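All chains are identified by letter, namely A, B, C, D and E, in their written order; residue positions are counted from 1 within each chain.
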Amino acid sequence: GTGQALRLGRAGDVDAILVHSKAAEETFVEDGYGTHRREIMYNDFVLIGPETDPAQIAEAATASGALQKIEAIQSTFVSRGDDSGTHKKETSLWSSAGFDAASFGAWYKAVGSGMGASLNTAAGIDAYILSDRASWLNFGNKGGLAVLFSGDPVLFNQYAYLPVDPERHPHVNATAARQLEAWLTSPTAKELINTYQIDGEGLFTFNATQ
Amino acid sequence: MTHSMSVSLHKMHVKRRGKSILGPIDLELAPTGFTMVLGPNGAGKTTLLKVLHGIERVSSGSVQWSVSGAQAQQEQAYVFQSPIMLRRSVSQNLAYPLQISGISKAEITGRVETWLDRIGLSNMAERPATRLSGGERQKLALGRALIRDPQVLFLDEPCANLDGRSTREIEALLLNTLHTGTRIIMTTHDIGQARRLASDVVFLLNGELHEQGRATEFFDEPKTPEAKAFLNGDIVE
Amino acid sequence: MTHSMSVSLHKMHVKRRGKSILGPIDLELAPTGFTMVLGPNGAGKTTLLKVLHGIERVSSGSVQWSVSGAQAQQEQAYVFQSPIMLRRSVSQNLAYPLQISGISKAEITGRVETWLDRIGLSNMAERPATRLSGGERQKLALGRALIRDPQVLFLDEPCANLDGRSTREIEALLLNTLHTGTRIIMTTHDIGQARRLASDVVFLLNGELHEQGRATEFFDEPKTPEAKAFLNGDIVE
Amino acid sequence: MNDILSGIQAAFWLIVTLDADLIEITLRSLQVSLSALVIASVLALPFGTWLAVRRFRYRRATIATLNALMGLPPVVVGLIVYLLLSRSGPFGVLGLLFTPTAMIIAQVIIITPLIASIAHQAMRELWAEYHDLLISLNTTKRQRIMTLIWDGRRALLTAGLAGFGRAIGEVGAIMIVGGNIDHATRVLTTAIALETGKGDFELALGLGFVLIALALLVNFGIHSLSKTEREGRW
Amino acid sequence: MNDILSGIQAAFWLIVTLDADLIEITLRSLQVSLSALVIASVLALPFGTWLAVRRFRYRRATIATLNALMGLPPVVVGLIVYLLLSRSGPFGVLGLLFTPTAMIIAQVIIITPLIASIAHQAMRELWAEYHDLLISLNTTKRQRIMTLIWDGRRALLTAGLAGFGRAIGEVGAIMIVGGNIDHATRVLTTAIALETGKGDFELALGLGFVLIALALLVNFGIHSLSKTEREGRW
């Protein structure tokens, strides 16, 4: 997850990281571990749940509304619970819906796992879950789950590239990190990112500034 | 002790890794008596006893007891050349054969007491059997064999490590057991002991049955020069 | 074989789990001769031999060889009451003590050949030692002890499972070894054998040193009634 | 180096402050692993002993298979148990997925071959010693197995402890079938994996040291209870 | 049920088509685990035997600790190795992190206590048998250990196989120190974890069955080479 990637970057075990958690990334740069933060692309989060949609979230107008409907009937909800970018997003969505996720009862399952494992859990018990679209489309064990809600602009998910500061970790391969950054922001990458599709759906939108 | 057991071997042959170690042997043993199996080291005495008891695999030929195999084994007991001690106390070793026959606790306690006394180990009932001296082990193994009142008793050099007095006591015990109707088949290297106990003799040489007959005849007038040499402790070849 | 070894025990006491099993004993053994340790089962003969050899822990008192402890053990050999077979072939068992002394391969081969012949196991050199008959094991253990030409030889009932002829041959071998200067300390329950071999006797009873002296005297005129009873195979108490 | 020290510090603080979450997941770890150990031992000890006692046609193959099963990858075991217990699987109706029971099932599958294999090895020696006597006494198969288990209990202890160690330290399988759900199926190892994923290495290490301390405690406890090494015992 | 069947099918296809990636990660799995096995055996077999032979003050404690270490949680081992090898750690300059060498180090730490503990158990019986003779022959410590290892080699095989099984099926530690990098540190277990995370159970199971087949193959191979079960051998 994002946490472990940031940690590896701080220790200097990697030359650069590509993550999605703006606040943590900014601290990373401020603390002098990364030279800078460069936005590369974005995709979006989606709310997934059982095809029968017991909470009727498909009819909600906003992400907050969808979460309120789930809370109203206390339908089983799986949370990443691992401080990852996705988990942080989910917590902030709950609070903008007016709830404190930490106070929920047993219907709210914090599974403390990666996206794939969490999706497996949700599929195993027919629960609602927040996922990024890419992981969902890549996921093979969809079971009885389907995307029920998406499109609210708050579900926007920005990925950024942060090279590790060679002044702090002299052994890092700064040249390679620069080459990768140049490539990631090049027209070739733009083409590849924008046209990458799974099951006919585009996943990412390139938004790096030259 | 209602029925007696005789046994007959027919072309019985034991081979190991292609080498013949005993036989082929044709042999009949009557349902009563004290048979002494004699012969030099490596002659096959232990092997023969084990074959009779049904715990050594026979390569060819047959071993036929007059009662069914299962019943035969149930009513036999065997004292091994090197005593096998269960990793338990002396009295637990004695109790073991009774426990597996499903005898009541109370009776077991009584019989174990009796036999501890008979084999002279009463004062070491709670000692781990694996810590006994050589002679004490042999006595324990003997008591453990006799405690089930077997109908047939196999003894493989049971007095090899016993002192003079114990040997005499054990001999008396064996003759007593014989007289209650138990069939005894034994090996020994002590010719004096063989003379004192045997009613008939089986003499093995190089894995073959060399001579068989009544004890008095064998000891007084051995038919073959090899048997004569053996009895004198001479070179047997 | 340049220096001789004598040994003296001073208040030597062996206890196990708070029970005294041997001693306290004061004893001097001269650097030459054939000492026979006699006594009934459980008297402590094996324990005494092991104490002398330095492989049994002494609870109090001391055991002092005339040479340093390390050297003493290096030049001693011990034949256990129940032979310990390495899980190897007969000839590898014989070669083992030589290998660990770092003797050259060529010499090992030669000496193993010689000793296979002397103990009469030449025709089973490649057999796994664990498959030997009782008597064959004893012969192998004896050969393995003698192959390093020890200066002191401990023998714990080495002929218990041997036939008459082997016993005679081994006795001859032992006397021969004795005459080349080896000190022998042995136990046996065969009084006849003790008479034939011993130059002096240590008689143990209930873990205590009861009588000690020259062999001829002990056998012909035992000083105590207990020793007399023991020699007759009577009850010793 | 510093991280390791702060890990030890973290472990120390977790323990002295009697952290409620820590106690909860520690107890759950113990509950799951000890249950798995008991069930696996009941299956594996007699089976391993039986293998030592019985001669049959495919014995060699069985032993080789058993040894190979010691290498069952936990993730694969987890997957298979997941598939069997999932709603659409054959045992889905039981609703066991993501419960401690599912974790116990997975651990039993993982440690049974290990315990059986070590038990078989230990019992083979004892059987060689007892063989002639037990055959001669005409014991039943069952009696032979019971006698060996009883007289070889010390050696079987190592088998059991190896199984317990494997169970308590295992994470791959129970993560899949237990789901690491807070207050329901989170145990020490899954919590460690979680903290590692978060990059909170201090806490992860701290939990790790708690786990190691627990394993040491159980081992010392069992050793001193059974007095395995006391002089003069078998 | 269906998923399991399609897993077997996937394994079958992977194998018959000689999938290049599969061959690569399988060979890497073997390379890492066998290297770890060899190193761990060289350390653990003499140590376990030494423990059986030597009587010293803290012997009981050492044995209990060894048994406890069998339960070293892989994730914790992974973490510690990671911290030691990390650029900011004491061995960072070696640049070993995220290489097969790092994975071997982690696996050695995990399986050494397991092998040593099983070896100790097996050697204890043999030592009880040989004790008097080897003491009497005035053997050195080294000679005693060598003799026991040689004559007890059959029992040590189980110890080694248990270690191999543990190594080849392990994922928690090597995931952390190896990083599951494609064409560099991806092995069977990490690939399985990856596919499981993707929810591609067929492929995950397929790889799992390949792994199990591999373990079986190694076990049958070693068993028949060493003829462990042939009648009439030691």
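What we mean here is this: a contact is a pair of C-beta atoms (placed from the backbone, for glycine too) under 8 Å apart; a residue touches a chain by one contact, two chains touch by 3 or more.
These numbers come from a predicted model, not from an experiment.
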Chains in simultaneous contact with chain C and chain E: none
Dominant interface by contact count, named by its two chains: D-E
Where chain A and chain B are represented by their mean Cα positions, the distance between them in whole Å: 82
Whole-Å separation of chain centres (CA-atom averages), chain A against chain C: 82
Geometric centre distance via CA averages, chain E-chain B, whole Å: 49
Residues within chain A bordering two or more other chains: 114, 117, 120, 123
Shared interface positions of chain C, touching two or more other chains: 16
Where chain D touches two or more other chains at once, by residue number: 176, 193, 196, 201, 232
Complete list of chain pairs which touch one another: A-D, A-E, B-C, B-D, C-E, D-E
Chain E residues touching chain D - in the complex, by the definition given at the top: 1, 3-4, 59-61, 63-65, 67-76, 78-80, 83-84, 89-90, 114, 117-118, 120-122, 125-126, 155, 158, 161-162, 164-166, 168-169, 171-172, 176, 188-189, 192-193, 196, 201, 204-205, 208-209, 211-212, 215-216, 218-220, 223, 228-229
Chain D-touching residues of chain B, taken from the complex the two chains share: 53, 55, 70, 73-74, 76-78, 80, 84, 86-88, 96-97, 100, 128, 130
Complex contact set, residues of chain D against chain A: 82, 86-88, 97-98, 175-176, 179-184, 186, 190-191, 193-194, 196-201
Chain B-facing residues of chain C, complex: 16, 39-42, 46, 81-82, 131-136, 139, 156-157, 160-168, 189, 191, 230-236
Chain A residues touching chain D - in the complex, by the definition given at the top: 1, 3-8, 81-84, 106, 109-114, 117, 120-121, 123-126, 143-144
